[in-house]
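Here the chain labels run A, B, C and D in written order, and each chain numbers its own residues starting at 1.
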C-alpha cells in the first residue's frame, strides 16, 4: 500500500517526537525525514520506529508532501518558506503565522480544526494553534458565537500546564528537583505570549469587547493542560451544557462531560474534554468551564496531524488516539 | 524551666501531627496528651518526639492550659465544650466556630491573626481559619479595608492545594497512582465549604457587594496552597504593592514579594507570601494577587500555634519556623 | 467480523481495568462481561469503551470462551472452577495455581509465555505469572538453561515496583502524600510471597542449588518494575549478551538492550527489556542484569492476553502494544 | 555573643546551599562568604538568610576559621590549598582527598565521623565522605570490625538516590519530564566513582577480601538515599541488631530501627537510619541491611558541619537537625 511521505523539522523536542510517534503508527503516512540540528546523526527510538536525525538544512524537503515544522518560534517562518518552495504543504506548529503574531501570510489558515475546518483543505500553510489557545478557545467559542457573554465583561482564565509545555530545554528551573512538589504562576500580569492569539480569535468569534485575563501556571506533571475559565453571561439557562453538546455534535475529538475533567481523562488522547457549571452564590450569572487537553496531543502534535489528514483528504481521525 | 502543658485532640491527622511536631520543638510548651481514637495505644515518632496516642475520651483535658482540637468538622464543637468545662482555653482547627458556619459562640474569636490580633488575648475559644481562607483573606484584606475594590465586582479566586489538605483519609481518589501526574478542579460551581467563611469575612472587612467566586484544584504535591486572585479595582496606582507593604509592615509572617511566590518558597514555613501585579491588556483596572502558604503551617498548625502563643502571652513567633 | 467473547472477573482493579482496555482495542476479541462486586451497577470508561460492572456471581460465565480472573489471591481458585464448569478456558492472574503455591491442578499450565509456549495451546487453565517473577525469570532463564550460574551461588535480586503493583486498595500507606518523595523496601528478609514462584521455576529451569535472595521496594511511580539482578557465574565470555540474543531470537516481546533499560522504555508496552553487564572490580565473575517491565502489561494484563491469543490460535501479538 | 566566621566555596549547588542554610541557623557560626562563580553578584534567599554570592577567586578566605569547599570534584584540591595557606582549616565536600582518590595529603583525615572521630580534632583538612559511602560504610562497619563477614564473600549493594545527588546541573536527563515516573540504574557494571572510596575503607575496617558490588539507581525524588545491602556472614546470632546497637550506643545521629527505614524517616535530618534482618529461605547465612540517609544532610552538608563542630571544639550536635 502506498503511504504518503511526510517530514518533520525540529523532531527532537517534545512535540516533534510526539508527532514522529504518531506518524510511525499512522496507517497512511510514512516518515520521509526527521530533522534536529543538535542531534544530527543520532538515533532515537520512538515507539516502534528507529529514526536517525538529519540536520535541518539537510532535510530533503522535496521528498515530503507535507512538512511539519516544530521549530522554535521565530525560527520557523523561514523554513515554512523553504518547504513551500519545494511544493510541499506545511503544518507549522510554531506561533509564527498564528492570529495576533507578527507574521502574516495570505496563504496561511489557522488550524483550530473544529472551528475552522472548512478553511483547511485549500490551505498551503496551516498555522497550528498554541496549546493554551486550543484549550481555551474551543471552550468559549460556543458562548461567543451565540452571543451569550456579557458585553464588556472580562473572561478570566486560570490555566496550568505540565512541563513539556516549556519544551525540551535544559533549563535549571525545569529540573526535577526544582519542579517536583512545587507549583507556580508565570507570565503573571496578563503577559503570556499566547494572549494575543486568544484575544484575536475571541474577537473574531464574536467577542463584544470581552478581554481575556490569562494566568498560566507550571504543574509538577509531564503532560496536560487544565484551564479553569469563568465567563459572566447575560442570563442563565436550565442546562447550559446543551449549548456545547449542540455546537460540537458529532465531533470525534470534543467531549462534553458531566463531571469536571481531569488531566488523566485526556493524557495521550487527541481530545478536548469540557465541563460547564453554573456558579452558585454570586449575583452575576456566571459559567465555569473546565477544559482539559494533552498539550502534546490536541495541543500540538495530534491537532497538527488532524489538520494534515484534512489536507490529504484522509479521514480526520486516521492515526489519532481518541 | 517550667513549660506550659498543652494537648492535642485529633493528633493523628496531617494537621494534628504537624502541630505535635511544632509543640515538641517549642521552647515554652510541652505536650500533655495527644489523642487519636483509631490509633489509641499506638506510638508515633514525630520529629524528636515519641508519642503514644490516647483515645479522645480518655484525654486528660484538665492537664492542659490550652487544648487544640484538630477533630473533623462537626465533631469538634462538642469537644471544644468539654475542654472549656475543665477551664482550658481552646484553639479549634475545625470549621465549627468560624464565620459563616452554623455554630456560633459569644466567647469564640476568629483567629486570622494578623487581622484580628487584638481579639485573641481575651478569647476563650479561637476559631482557627481554614487553609484557603487564610491564603485568600490575607491577600485581599488591604484592598477591602482601603475600599479599592470596584463595588459589586466579583473577586475571582482560582486556588490549588496539595493533598494533605484533604486530610489523612484512605480514599481511593487520593492514592498515589490516582493523584500523580493528574490535576483536577473540585467543588466546581462555587460550592466549596470554605466559601461561606471567605465571603463572610470579606463582607466584614469592607467588601461592597463583592462576591467571591472560588474554584479549588487538587495538586499532585503533598503540601502547599497557591491562590491566584483577580480583583477589579477602581483605579490603578503606580506601585500597588505599597498598599500591602504598608498594611503588613512589621509582620513577621507576611512577605510581600517582587516575583510571584511558588510553593517551595513557603513550604514548612509559617508565612503567607504574596505578590501583586497589574493586569496588562485589559480595559478594566485589575490586580492579580498570587498568595502562597503551607496549608499545614500558616494554613493550620502554624497559625494555631501563633494564636496559642498570643493566648499565653508568649512571643508570637515562639516555636514557629519563619 | 465475528469476535470472540471473553470475560473479566475482578475488572475494577488496576490489572483488570488494564485488561478491559486491551480487550476493547483488540481486533478479534469482545468483552462479554466485566465483574466487580463493590462497583456492581457502576459505569466505567476504559479508553474508547464504556462498561457496566456486574456482580461476580451474576457474571454470565457461559457467554465467554475465555474467562480472565483478576480476583484477589485465594479468592480466585473457586471462580476458576466455576468458569471451567461452563466450558470456558481460564487465564488466572492470581497466584492460586502458580508454581510454589498451595493449589495445584493437573490441567493448569504456567504461562511464562516465552519459556513455556508449547504448553499453552492445550491448557484448560493458564496460571499467569506474577509481575516480579516475570521480570526476574525471563532475565535469568538463559543462564540457568545453559548452566552458567555458579553451583550453590545465591542470585541476588533487588527490585522496585510502582504502586499499582499493590493493587487498587485504599490503604493509608499508599496515599499520595505517603508515597511521593519516598522510597522503601518491603517484605525485607526474603519473605515476599512471589519468592516461592521464582525459586520453584529457577529450580525447574536448571538451577543448581541457586537460592534467590529477593528484596522488593516501593517506588513513587504509578507503573513499572525494574529488577537489578547479580549472578555469580563460572566464567566470563567476551560478550555475554549474545546468550540472551540467541536464546530470545525472534521474540517480539523481549528486547536485549545495549544500555540499561529504564521504566520509561517499557511503560505501556508488553515487553521485557534487558541489559547484561560484567561486573568490574570484583574477583568472582559476576553478571549484572537489569530487567524492566510494565507491571500491568507484561507483568499482568498484557501477558494474560498474550496467553489468551495462544489459547485461541490467534497471532500472539494481536492487540498488544510492542 | 561572638560567632565563628566560616566560608563556603561553591555555595550555589545543592550541597552548598544546604550548608549555607545550616550555618544560617547555627547558634555559634556565621557565614563570612559564599562563593559561586556563575552567580557572582546574585542574591539568594536561604531560609532566613539573604546572601550575595562572590566569585570564588574573590572570596576573602582569610576571614574564615573554617572553609567548606563544595566545588566540583577535581576543582577542589587547588582551593583547599589556597584556603590552607591563609591558615583556615578546611572541610572538603569533594572527593579529592578521600580514600581511593588520586590526591592524598598527610594532613587530611577522612571525616566519616562516627568511625573516625578521634582523628578529626587535629586535622587541617577533613575529607568529607561521599553520600553513598556514608550510607554503606556506617551500615557495614560493625560487621567488618567484628569479623562477621564471610571471608572472600561479595557484599552486594543496590542503592537509590534522589536527583539532588547529581548536583544542580542543567542536564536534559535530569529534567522533570525525564525523571518523573521513571527509575533507572546507572554506572552499571560496578563502575561508580564512589566504589574506590567504599572499597578502600571496607578493606581498612577489616574486610577480608570482601569485594563491594555496587549498583546505584536514580529515583524520582529530590532527596534521600536508600541502600539495600546483602552480606554473607559466617553464622547467625539470635538478634543481629544488637551488634549495631552496641557499636553505635550513644551516637546521636545513628538510629537502629526495628522496621526497615524509608526516605521520609531521614529526609532533612542528619542521621543514618538502619535496619538489620536475617534472610530467610537461603542456605548461606545472610544479613540484609537497609540504610537510609538524606544525601544532602548526613550525606553532605550535615556531616560536613558535624566535622566542623568537632574541629572547633563545639558540641557535635550544634546546629544539626536530629
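The rule we apply is simple: contacts are C-beta pairs under 8 Å (C-beta built on N, C-alpha and C of every residue); 3 or more make two chains touch, one makes a residue touch a chain.
From a predicted model like this one, the values you see are computed outputs, not experimental measurements.
A comparison of the B-C and A-B interfaces places the larger number of contacting C-beta pairs at A-B. Chain centres computed from CA atoms place C at the largest separation from subunit B. For the two copies, subunit A and subunit C, the CA superposition rotation is 180 degrees, given to the nearest 5. Of all residue numbers seen at the subunit C-subunit D contact, over half occur in both copies; the interface is built from largely matching residues.
The centroid of the Cα atoms in subunit A and the matching centroid in subunit C are 37 Å apart.
Rounded to whole angstrom, the centroid-to-centroid distance between subunit A and subunit B, based on C-alpha atoms, equals 38 Å.
Subunit B and subunit C have CA centres that are 46 Å apart. Annotation for subunit C: residues touching 2 or more other chains are 178, 180-181, 220-223.
The touching residues of subunit C, counted against subunit A in their complex, run 48, 180-181, 322. Listing the residues of subunit D that touch subunit A in their complex gives 14, 162-164, 168, 170-172, 174-181, 220-223. The touching residues of subunit C, counted against subunit D in their complex, run 152, 154, 156, 158, 160, 178, 180-186, 188-191, 195, 199, 209, 211-213, 215, 217, 219-224, 226, 228, 230, 232, 260-264, 267, 275, 277-284, 286, 288, 290.
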